[in-house]
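By written order: A, B and C. Residues from 1 in each chain.
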Amino acid sequence: MPEGARLSRPLIYLAALCLFAFSAGPVFLSFLGSVIPDQALFSFPADWFGRGFTFDNYRYIFTGELPRSYEIRGANRGMISDAARQVPGSMVNSMVVALAVMAVNVVLGAPAAYAFARMRFHGRTLAFMAIVLSRLVPAVALAVPFYLLIQAMGLLGTKTALILVHSVLTLPFTVLILSVFFRRIPTEIEDAAIVDGCNRLQLFLRIVLPLSLPSLAATGLFAFMLSYAEFLFALVLSGDAANRPLSVVMASLARNVDVSWGILNSAIFLAVLPSVVLVAIVWRFIVEGILVGGVKG
Amino acid sequence: MITRRQLCAMGALAAAGALLALPTTARAQDVTLEFVVWNYSLETIQDNVKKFEEQNPGIKVNVTDYTWPDYHDTMVLRLRGNTQTDVIYGGQDWLPSWAAAGWLVPLEDHFPEVKKYEEKTASYALSDMTYNGKLYGLSYYADIISFIYNKKILDDHGIPVPETWDDVLKASLKLKGTGMEKPIVYEYNQELPNFYDAFVAQVYGRGGDMFDENLEPLFNDPESEAFKQLQWLQDAFTKHQIVAPETHESKVIPAMNTGKHAFTIVFNYVLAAMNNAADQPLAGQFDLAAMPGDAHSTLGFAKFYAMTAQAAEDDARREAAWKFIEYMGGGDYQIAERWAVEKGLGFAQLPLFDDPDVQEAWSSWIDMEKFKQQATQAKNGTWTEWAGIWSAYFRPLLAQAMVGEASVQEVMDAGAAKWVEYRTLLRGG
Amino acid sequence: MRVEAGRGQARAAGAPATRAQRAAVGRSYGEQALPWLWVLPALALVLLFTIYPVAHTLWTSLHRVMILFPGEPFVGLANYRAALGSAFFVTALLNSLWFTLIAAPLIVLLGLGVAHLLLAEFRGRFLVRSVVILPWVLPGAISAVIWIWIFHPSWGILNLVLYELGLIERYVPWLTDPSLVRMSVIVAHVWTQFPFAAVLLMAALTAIDPQLYEAAKIDGAGRWQRFTFVTFPQIKAMVVVLLVYGALVAFTSYDLVYAMTAGGPGTATTLLSFQIWRESFSMYNFGNGAAIAFVTVLISLGFILAIVKALPSDLFGDADA
């Protein structure tokens, strides 16, 4: 346990409660918005729980069955947007792209980071700078040249285009962060292995990588999250609904007059779920690794 | 071991086979049209497309959709990058610049029969689809900008429906006195073209205009209706504090449905969403009133199907594209009627105003007579090649003036100067 | 088996024999060529998508590229002059600056606090740890929807709760008052970014050798001194990374703020990225847009240099190999 973590008990619990509320509160709000009927949600004076809960919105997104409120007299059945039904499919698209980006980042980024951290070669600083500073130009300005480049490669509207572009956006930070972590590995361990006769590659694969699993997992997660949530290039490079990522669908739902607040929030809550699952799987891993202290015999 | 003879024979057979496989000139050639839309009710669009394909074997239509807020920008990317695009949704504010850039072609150049639809089209829509005197499209939908109010609130407080902007101010102050903090909710978003359109609609309501027939700016004259209206807005925002801004019409709907606001100015179709009993707590309380001002006129606009220059280059594509455009926007107006009845979308096709199906479907959310009345009084906006980019320049200025960050005179002067600058640049003065 | 002895940089130079052996390993496999194999795939991918786009943007900024005008003549620095001279640019620049200068350090500070908290022992720790990453997952425009609902002046949750609790009499204009809206937007932005900082700082904190703390305690250092002289130097590299990343993200931010306020009220939250987009796609002036983009690049470079200079660490320096 690091320094400073031994604060007074009540203070810790208070801080933990605040943190919990701050992080989860807005998402929980979204959940409430998805299961409380709109009429109750916007009632003034506020009476949120007067009409009970409904899962009609989720049912509509997955099956297309109109929410019950559309069956009442006077309701305009045509006014519900089918755009919301694209959410599950686009979620799958985004997950596929994000997982691939995660893999690319680890496979390409880790070796590069290790080389920058531990090897000496001409042009090392230049190459490092080139990778890291490539992120300086605001994405907004790159929309046109990226579009032309991807179009020239014949990849417009494909998931591959997004995987490539997102990897380019995340690699600089992956390399930067991993180089910091790799430098933290004690040189004695590496020296011991070299004395035992390991070459660089064996050293990397058998010693360095296992030791850095938590940081690799954290960096991989970073790449996943960035890709999953990325919007600008997802929009510019996307094509038809089959390959459309979640962020583009969500943005259009947010400004669609025929999407009720309930359906919008259902989509938001759904968008969060798969990532929570992924993180739950990977998180234990990171945390355990971090806690035990990074160096296992 | 294959002999040369055998190779030749195989080659001949292959060639013969290929020749037979070629469509003969007697059979219609298979064309795949690239149709680009914004994704309002994509299912309906795809169903319409399917019906067209059934009636027109040999023509396939591939639908690519973008979201409305991003449609314009991604279309610019697409058209600039020469991605295959044949039929698109066009907008009144983009037509002049896209036509001048050579991206769209006039329908009447290749298909003079399109002119037969002119007399059955609302005048503002017709103007919106015309550039340099030529017709570029057939209408997908057309609408007006409406002044919408909450009937119940006005009735409860004994306030008559406002006829002038003075009335609106008086009514708002009275409501504010009873505890309604911001009686007007206003779509305030400098990035959206309709932020400017809504302002123009108000100017039309007063009987004024932004430009005269020589494209000279009128609005920087303090006596002009446009100047007065911006001043009215500035006072409403800053002095009387009766306006609550919202960044998008989709937020105006829940805002009005809290019952905390009485007036707003939005596209007419938003009224349908506001009055939707399925989602909205106060559905049924909202109605349309004639735009306040002496003239009660408003801004009308049309979105339409247009053909790209790319499509027009190829004979087969051009023919197919025209068939598709006529099916969707012309013919016996079946598709336009479907949009009106099922989705409450406005229309430019005059016969539909008296269509019993449309009237019945619309009766649940709007007073058809009032709509007809307002539509006949609607005017189109002034659209030139530079109007779109000028509007992008002017909108932030309008936004600043409204909240008092700049004076009305400063803003109007800057806007007028820029307009003249662009006009001189593009048309030589 | 835990290796106890000196982790991290605070070590004397390695024994000569080891270094020579290390060098031998390197040399025997082609000291110069082999490292490039490790670096090339990542470098090539990044360069492929950097060189052309940057060159294209630079070229565009030096030519008149406007859709309504045929031809793209060279205009030198005219676009830069036009862009820098516009009042909108100055406003957008100032807005982006205060946004970055407040948000980036705030994110790192909050991340540091959260990291410390999450490493403490308390019941329910796993639950809090799992929940902390939620904000990270949502696209900016979507987080904006939730935060609009929270901050909305008329139908927002915050006003509702404060009103019901009797803490306010009238609804507060969180999003429509120029000073309040800046705070609201920063809160929303920090919410989306702090999990990332917290995770990385957690990792960095646990890599610190506890023996260093023991040594400091023996020397009589108090808790604050232990932080300043032990903790902070050890995590400096990570702090620099997070500040740089945070500054870049904030300075070029687009989605969240745009969705929350569309740059309003007036021009209170109009950022540089809006300017770039508007110039290019609304005003059809790609030359101006590219010029603003390059100015943004230069300023971002300035940020990075300032941060790296202010917090010297081994980040960009020579490795000890």
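The criterion applied here is as follows: contacts are C-beta pairs under 8 Å (C-beta built on N, C-alpha and C of every residue); 3 or more make two chains touch, one makes a residue touch a chain.
As the structure is a prediction and not an experimental result, all values here were calculated from the model.
Enquirer: Which chain has its C-alpha centroid at the greatest distance from the C-alpha centroid of chain A?
Expert: B
Enquirer: Go through A-B and B-C and name the pair with more C-beta contacts between its chains.
Expert: Taking the two pairs in turn, the one with more contacts turns out to be A-B.
Enquirer: Between chain A and chain C, tell me the centre distance in angstrom, where each centre is the average of that chain's C-alpha atoms.
Expert: Computed value for the inter-centroid distance: 16 Å.
Enquirer: Averaging only over C-alpha atoms, locate the centres of chain A and chain B and give their separation in whole Å.
Expert: Centre-to-centre distance between chain A and chain B: 36 Å.
Enquirer: Please tell me the distance, in whole Å, between the geometric centres of chain B and chain C computed from their C-alpha atoms.
Expert: 39
Enquirer: Got the chain C residues that touch at least 2 other chains?
Expert: Only 155, 259, 277 qualify.
Enquirer: Could you list the positions in chain B whose residues touch two or more of the other chains?
Expert: 80, 248, 254, 258, 260
Enquirer: Return the residues of chain A touching two or more other chains; collapse runs of consecutive numbers into ranges.
Expert: Within chain A, the residues that touch at least two other chains are 42, 44, 143-144, 148, 251, 254.
Enquirer: Of all residues in chain B, which touch chain C in the complex?
Expert: Spelled out, the residues of chain B in touch with chain C are 72-73, 76, 80, 97, 100-101, 181-182, 185, 188-192, 244-245, 247-248, 251, 254-255, 258, 260-261, 385-386, 388-389, 392-393, 396, 399-400, 402-403, 405, 425-426.
Enquirer: Note which residues of chain A are touching chain B in the complex, please.
Expert: 38-39, 42-44, 67, 69-70, 72-83, 143-144, 147-148, 151, 156, 235-236, 239-241, 248, 251-252, 254-262
Enquirer: For the complex, which residues does chain A have touching chain C?
Expert: 1-7, 9, 12-13, 15-16, 19-20, 22-24, 26-27, 29-30, 33, 42, 44, 46, 108-109, 111-112, 114-122, 124-125, 127-131, 133-146, 148-149, 164-165, 167-168, 171-173, 175-177, 180-181, 183-184, 186-191, 194-195, 199-200, 214-215, 218, 221-222, 225, 228-232, 246-247, 250-251, 254, 264, 268, 271-272, 275-276, 279-280, 283, 286-287, 290-291, 293-297
Enquirer: For a test of understanding, state which residues of chain C touch chain B in their complex under the given definition.
Expert: 67-69, 88, 148, 152-155, 170-171, 176, 258-267, 270, 274, 277-278, 281-285
Enquirer: So in the complex, the part of chain B that touches chain A is made up of which residues?
Expert: Spelled out, the residues of chain B in touch with chain A are 39-43, 63-65, 67-70, 74, 77, 80-81, 83, 248-250, 253-254, 257-260, 269-270, 272-273, 275-281, 283-284, 342-344, 364-365.
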